[in-house]
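Below is one structure, written out as structure tokens, with a few remarks after it.
Note that the chains take the letters A, B, C, D, E and F in the order they are written out, and that residue 1 is the start of every chain.
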Amino acid sequence: MNTLIWLPFLPLLGTLIPLFSSRYSRTACAFYTAALPALTLFLVLSYAGDIFQGERFQAAIPWIPNIGLELAFRLDGLALLFSILILGIGLLVILYARYYLSEKDPIGKFYAFLILFMFAMLGVVLSDNLIQLWFFWELTSISSFLLISFWGHKTEARKGARMALTVTGAGGLALLAGLLVLGNTVGSYSLQVVLDSGDLIKSSSNYPVIVVLVLLGAFTKSAQFPFHFWLPNAMAAPTPVSAYLHSATMVKAGIFLMARFYPALADTNLWFLIVSLTGLATFLMGAYIALFQHDLKGLLANSTISHLGLITLLLGMGTDLAAVAAVFHIINHAIFKASLFMAAGIIDHESGSRDMRQLNGLWKYMPYTATLAMVASASMAGVPLLNGFLSKEMFFTETLHQASLGSLSWIIPVLATLGGALAVAYSTRFIHDVFFNGEPINLPKTPHEPPRYMRVPVEILVGLCLLVGIFPGFLAGDLLASAASATLNGPIPEYSLSIWHGFNLPLLMSAIAVVGGLIVYKNRSHMFKFQAQFPKSNPLMVFEASVQFVTRQAGTLIRFTENGSLQRYIFAVLGLMVIMTISTLVKLNTTAGLRPEIPVDAMTITAAFLLCVSALATVIWHRKRVVALITLSVVGLIVSLAFAQFSAPDLALTQLSVEVVTVILLILALFFLPQKTPKESHPRIVIRDLSIASLIGGIIGTICYAIMTRPLDTISTFFTANSKTGGGGTNVVNVILVDFRGFDTLGEITVLGIAALGIYKLIARMRLFMPSSDGKGRPWSDDKHPILLSVISQSLLPLALLVSAYIFLRGHNLPGGGFIAGLITSVAIIQQYIAHGVIWIKTRLKLDYQILIGSGIGIATLSGLGSWAFGHAFLSSWFDYFYLPAIGKFELASAMIFDLGVYLTVVGATMLILANLGQLTTSERPVLKEDE
Amino acid sequence: MLDITITFVAAIICIALFLNLWRLLQGPTLSDRILALDTMYINAIALILLYGISSSSALYFEAALLIAMLGFVSTAALCKYLLRGDIIE
Amino acid sequence: MPFYLEIIICLSLIIGASFLFIGSYGLIRLPDIYMRLHSPTKASTLGITGVLVASMIFQSYEKGGFSVQELLITLFLLITAPIAANMIAKTALHHKIKPLKRTQNQDLIDSICEREEPKKADEKSV
Amino acid sequence: MQHLSIFPILIPLLFGAIMLLPPISRELQSQRISAIIGTLFLLISSATLLITVDQEGTQLYALGGWQAPFGIALVADRVSSLLVLLTSFIAFAIMLFAISGKDKGGAYFHPLFMFQVMGINGAFLTGDIFNLFVFFEVLLIASYALLLHAGGKQKTQSAMHYVLLNLVGSSLFLFGLGILYGTLGTLNMADMAIKIGQLEGETTTIAKTGALLLLIVFGLKAAMLPMHFWLPRTYASASAPVAALFSIMTKVGIYSIFRVYTVIFGDEAGELANIAQNWLWPLALLTIAAGSIGAFASPNLKTLNANLVIVSSGSLLVCAALNSEGATSAALYYMVHSTLASAGLFLLADIIARQRGKAEDRIVHSRPFSQPRLIGFAFALSAMTLIGMPPLSGFVGKIMILQATQSMAQTLWIWPLIIISSLAALIALSRAGTTFFWRHNGSPSTDDIAAKPTEIAGIALLILASPLLVLFGGELSEFTQQAANHLHSIQSSAYSLLPGVTP
Amino acid sequence: MKLFPMPFHSILLFVVWLLLNNSFSAGHIVLATFFAIGIPLLVGDMRDEHPKIQKPWLAIKYVLMVLKDIVSANIEVALLIIGPVYRLSPGFVAVPININSDLGITVLASTVSLTPGTVSAEVSKDKKWLYIHTLHLMNEAKLVEEIKSRYESPIKEIFGC
Amino acid sequence: MEGIYAFCVGLLTACGIFLTLRGRSFSVVIGLTLLSYAVNLFLFASGRLKLNAAAVLGQSEQYSDPLPQALVLTAIVIGFAMTAFAVILAMRARADLGNDHVDGTLPSNNEDSQRSGGQH
């Protein structure tokens, strides 16, 4: 496989190395950590020659084709440039961090995060697929979050990191949207295709959306105005992190993005307006704010913002030369800013402070470091013979060569010069305030030169500043050319990298900037005074406050909607139901269908009247609970009669037996509940509820009527036709239950069993309210077990069992079955509990209801599994007729075994519920087993 | 003749049910209501049997039997509740 | 169906229904709960028996065999009706529901409620 | 294997029943062992089923030998077998977690767990709409009982709402079923799909009300606005393994919506074609919004996670509303991803709550963790998955959903909401994470509260599944694509699912 | 364990099974026997000790008598109900009883409830008194005497207690 | 007949819904029970009403639709299980939370509820 694929993954592999090598020594750890990035850098450089020749390397393997994601890498000039920056500066930072971090800091973790970030950055710059690019883009956000919050115990670190993550994360999401639109527009997520489709994109109606979304991603990452505020607060990170992320890598990712998509998106008015104006604003604002920072890193951070603005401005101009200048400044800024951060870190490390009001006159204590810092600062200020000068000259030149603002185009060079002056001013401040300007004030430590190797990275970078500044063509020429060519996706314009271009306008602008900057610095006290008039606003506080605000508002809203009122929740469900059904039902023109209706008879009217009156009485008296229970029983009774009347004897039987068990259950529960319901609904609520209840009643009634009066073509004829021949029973309903749809029944008894288990759980830990008197304050009677009831119940038990056996056995052919039989048995046993009490039963009835449930479900399931032995599907039934002498013909059916399972489950479940509930008040109450 | 008788008898039982309902709603005591419910069970049995006769079907017998068996249990449980609160003790 | 059978069925139906009706009627008509207890307990049991007999004869004829299942319902009712009446009476007494004013031996009610032996008339007067 | 399709239902059923019987019922240890064996069997058989379906196509299982539409048929197609495997996988992982002690605090944890899994698998596999109701009830009743596991006022209170709301829901379900049977005369979903196209006149209108009633029921399960209110409190109060298992329950509602409204009321349903979509649109988007707002307002991690479940429900409902193969494929991928992620976080939240002393999982400062690295790492992975950040699975699902929009209007509504919801998750989870792992006072607890090996294993299975979903995202998304393709073509080839009838 | 712990019930169950099934077929007789033996064995424990029926013939005679009384009771009560209510003179009566078995007391109380104008309302704790309510109390002493002679003594005799 | 039947179903539904919307658990349970009656009758009616047509082979000349009957039977059982659970949960809530309001807390500023609160 192409080595290109492995390039970014080599450092990823390296993420593990520091975690395991940190136990040896910090130096060893740093050494091992550096190995793979160094190797990667070596590999990258090995491509350099060909790339300088204009070649481009690409490699791809499919990954998730459905979303257009493939593992695709490209190494062209731009990628090469960034890879070298990422890996090169990364290696220096590894070395630097070895000395910067204290013994207490977990260096292994630090390196791991750093390498992870390096991997992500490499992924971004090497990506040849839009989705993959975004993939790594987000990884940079995450890994930078981890790095910024490395000292997470500090509030600023935590909050700063979170803010950085939020802002860049939001931008990342916008970027994703932008890239998806871009991909859709082009029809491919391949970067090369996109880059080659510039015209298509720019003429597409999606173009503005794409530009805005992609730029949102870029601007947030590169701290462009108005998203710049996160960067200074990210300075809570350890300085090596700043030196890496905020000079050469992370913040450059946004710049990289703009450069990467330059051929596809740039060179339109929209692009120019957004990008260059944003860049300009950022450039000036960053420089201005940098001037007022007392914190060394704050100054550098804002200067970074400013320089990023400068690059953005260049990229926005849309000319090829501006793009070249931008690429060049990317290189130069990375070099001097990294060295400056490192110098600041050394100062902080050795003096214990970064406050320029305390740091004075360090020249005396650390002259060597001071020299390095001063060179780098000078480069930042754009002093000749240093690299910063060259790209700034190009920048000034380009500001003069544009006419985008029409007659107002002169504003740009003027403002650029102003920005240059501010840069000179803050660079001067960095040099003068720190290294000169009297004696240090209250420093925690006496400053001295850092360890030898801590300086090495700075030395290298500052050396590069000088070398590039003096021999630009030799050192950076090819790199710049190939990077610029990749940026432009085509030939590069003519430009000269020489130091001296003669006396020209840009040189004048530089001169003005230097002089102006010095003047500004000189009069800084006035400016500080001027600035002091404005209220200080810490972006972090603002950010936190706004997050807090949103959180609070969200909380208020949630407390309002999710107010914990079940009545409201149910109302919401029902309200939705009313809206949905009514919107449909209005289209029903005729309620009655063509099916002839059954004539009405007196019996039906009576029953209906009884039903309605009792139902209404239940509602009206629902606050008198026992009365409501009695009227509810009447409703249940009438419902069973209705089933009986309309040819459903099985249903009638089931309804009757369930009814009794339910009533007993409700009575049992009523003992532990208040006897009465207070009147607490506001009349308005009552009217509201009455309205929705009547509406729903009306809807359901209407639908019910509409259905019943229409003919139906159903599959049921199959059941009546096959019940006897296929299922071996004449009671079709029962055959459906135990055979045709036995699976439903299996589920149903499982439900019953589970309900019983759940109820047992509920009861097992229940605290009790045991009223000593009824609702009217009358004490309970002392007759626990009325004698007549006790005696009669004993006699009824065998009879009831016989009846349930009868109901069970006939079920297959006549109304009945295991379920009803089970309920009858349960009621009979409950009757014994009522009549005799728990203790009496306990000594006489040794039934483990839990085992009944388990075996019931088990038997039903096994009866279904039996058919497997004969190669039939689960629950396939068999039945046969047998002849025994003297008895005659009789039938045996597997369905009966199934029904036995049903019977056992029903008895077990009902008894587990009722008996345990009853036992609550006794010494036999269920308690939690110790081991559970 | 049987048809007319059945209609007539059904009407009578229906009236009886109305009377039970009246007592059930009227009360005045809970005992009255339970008594009314208990009587209703009996009238319901009659109604079911009558329906069985009128439709010449023996399928309704079990329903009647169950009402007889289970109605008693529910009456007993309600009474026990009024007496003791706790019906299983 | 032979005419005599039809007559018998009709008769038992009418007799049964009448008793059922009277039972329910008494439930409305009688003035206190204790008196009302009598009417469904007794009148209804006979009433239901009438209907059951009719059903028995009818179903026996319909099936061409004999159908005596209905006896079971009677059996159940005969066993349970007194107990139900007893339970209801107990609740009424427990709730100290005042009987009709002219009820005799009202002084017994306290003893009944307490399930004590009746207090002798002479003890009471002391 | 002939009976493979029913294994995912029978295995938990039988294990559940056996655990109620002695000798296993007597000893917690033997219940644990059988629970692990049971879920492992389940996992193996579900995986086998998926492979079989992938290779041999949809498996029909006619229960009792009665062919559809007369008997109940199980339909193991790519969609259902994927979700069954998902269920089995999280069941296994959760069970690993639970046997370290979370199964204590109340009786019957293991059998109830098994029964709930059975209910979920049954709901996925059944091809019969009434049987779906039955399995809904199985999984609901088991969830009621499990919700109360280990007791506490909070649980009782939230269970009250959950149970009563669902009881109302079940009533509506039956009304809906009554209407559909009363107009179509059949219960098998494929048969319904055929008959729905043949409906004439005003019966169509009646059938439509039935369909909409079902939408409400499924919406209630899926926590669709305005029926989502119950979810945060319920999930937040449930004990960890239960909450984790619940993370698949909203998906049952979503799945049913896909089944019913693409198969029965799909493109070929004549007048009733795509009736749900008009309702789903606004409600789905509002659900995302409500979940995001809830996530913002969440005072603790469990509530936060619960609100993210609502967000994921909303996103899935959006896919249902989009009603295209791409959207369905996205939904299937997203379902797998979000179920695993939220289950993992629910388990993790328990460890977090345990190690933070009185602060529990509230987003306030607390004592430090006793296993900060392990938990921090797990939390970070979990959070990134849920936010939808690469390299974890959330981003694939998110992109698939975003790519599924087809018209400008769809894009304009869906994209901002999906993106803002991700941002809300990002903010909420990063706030929670930084607070948990960095805002400390005091010293770690000295009690024995460290995560136990099986707990770690359970969480690891769930959390580490996420990178695998990305790594093998190509295969998985190809599978979901085929599954979606199948789901959308069932209606036109319904007779192939009905061996009992001929066109 | 005895094969027939409850002989009376066994017979009852046997008969009831045949009644339920309306059949005297061999198959049902086998089943009836099975249940007549099986169910008492199953519920044998669920019983208090009750006296056995000592004089079955007397029991049958008693049952027939009660049935006859029930019919007359019904007619009597029906007449009372439809007659003028203001003439009714209800009352409570305490009947001293002397039966040493709960079963006996229950049978007596049930009989009383089923027969003319009386309902058993309560049994005293010491089981020496049966309180009844009469719909139309004419002669208290006569009523007590009638209950004791007509019902209580045969019951005592039947159960031998 | 169908009209009366539908009216009853509608009325039961309305009664059930109204009670389900009450604040106290017992009322809600009663409401759900009423609602489940309505549901069962409704589901039953989806097979259409028929007289003298029990689906028992050989017992009638025509057969009513047995399938909805089987469904209703299942629904009744499940409904019972659910109701039972809800009832016990209501008890448990009363025990745990000290009141029988479905929300676990009594609505504030309500004289009636405070008065009744002292009753137990």
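In this text, a contact is a pair of C-beta atoms (placed from the backbone, for glycine too) under 8 Å apart; a residue touches a chain by one contact, two chains touch by 3 or more.
By chain, with names taken from UniProt: A = Monovalent cation/H+ antiporter subunit A; B = K+/H+ antiporter subunit F; C = Na+/H+ antiporter subunit G; D = Monovalent cation/H+ antiporter subunit D; E = Na+/H+ antiporter subunit E; F = Na+/H+ antiporter subunit C.
What you see is a predicted model; the values in this text were computed from it and never measured.
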Shortest walk length in steps over touching chains, chain A through to chain D: 1
Partner chains that chain C (Na+/H+ antiporter subunit G) and chain D have in common: A
Chain pair with more C-beta contacts, A-F versus D-F: A-F
Middle chain, criterion being Cα centroid separation: D
Chain D and chain E (Na+/H+ antiporter subunit E), separation of their C-alpha mean positions in angstrom: 62
Computed distance of Cα centres, chain F (Na+/H+ antiporter subunit C) from chain C (Na+/H+ antiporter subunit G), in Å: 32
Intercentroid distance (Cα basis), chain C (Na+/H+ antiporter subunit G) paired with chain B (K+/H+ antiporter subunit F), Å: 12
Sites on chain B (K+/H+ antiporter subunit F) at which at least two other chains make contact: 17, 30, 34, 58-59, 65, 69, 76, 80, 82-83
Residues within chain A bordering two or more other chains: 564, 566, 570, 574, 601, 605, 629, 645, 649, 670, 699-700, 704, 707-708, 712, 714-716, 719, 740-741, 744, 748, 751, 754-755, 758, 762, 771, 781, 783, 786, 788-789, 792, 795-796, 799, 803, 814-815, 917
Sequence positions of chain F (Na+/H+ antiporter subunit C) contacting 2 or more other chains: 20, 25, 28, 38, 40, 42, 45-48, 51-52, 54, 56, 59-60, 67, 71, 74, 78-79, 81-83, 85, 89-90, 92, 96, 102-103
All chain pairs that touch each other: A-B, A-C, A-D, A-E, A-F, B-C, B-F, C-E, D-F
Of all residues in chain B (K+/H+ antiporter subunit F), those that touch chain F (Na+/H+ antiporter subunit C) in their complex: 55, 57-59
Touching residues on chain C (Na+/H+ antiporter subunit G), where the partner in the complex is chain A: 76, 79-80, 82-83, 86-87, 90, 94-96, 115
Of chain B (K+/H+ antiporter subunit F), residues touching chain A in the complex: 7, 10-11, 14, 17-18, 21, 24-25, 27, 30, 33-34, 37, 40-41, 44, 47-48, 51, 59-60, 62-63, 65-67, 69-71, 73-74, 76-78, 80-89
For the chain A and chain F (Na+/H+ antiporter subunit C) complex, residues of the former touching the latter: 564-567, 570-571, 574, 595, 597-601, 604-605, 608, 611-612, 615-616, 618-619, 622-623, 625, 628-629, 632, 635-636, 639, 642-643, 645-651, 654-655, 658, 661-662, 665-666, 669-670, 672-674, 676-681, 689-690, 692-694, 696-702, 704-705, 707-709, 712, 714-716, 719-720, 723-724, 730-733, 736-737, 740-741, 744-745, 748-749, 751-752, 754-756, 758-759, 762-763, 766-769, 771, 813-815, 819, 909, 913, 917
Contacting residues of chain F (Na+/H+ antiporter subunit C) [partner chain A, same complex]: 1-15, 17-31, 33-34, 37-38, 40-42, 44-60, 63-67, 69-74, 76-85, 87-92, 94-96, 100, 102-103, 105, 107, 110, 112-113, 115-116, 119-120
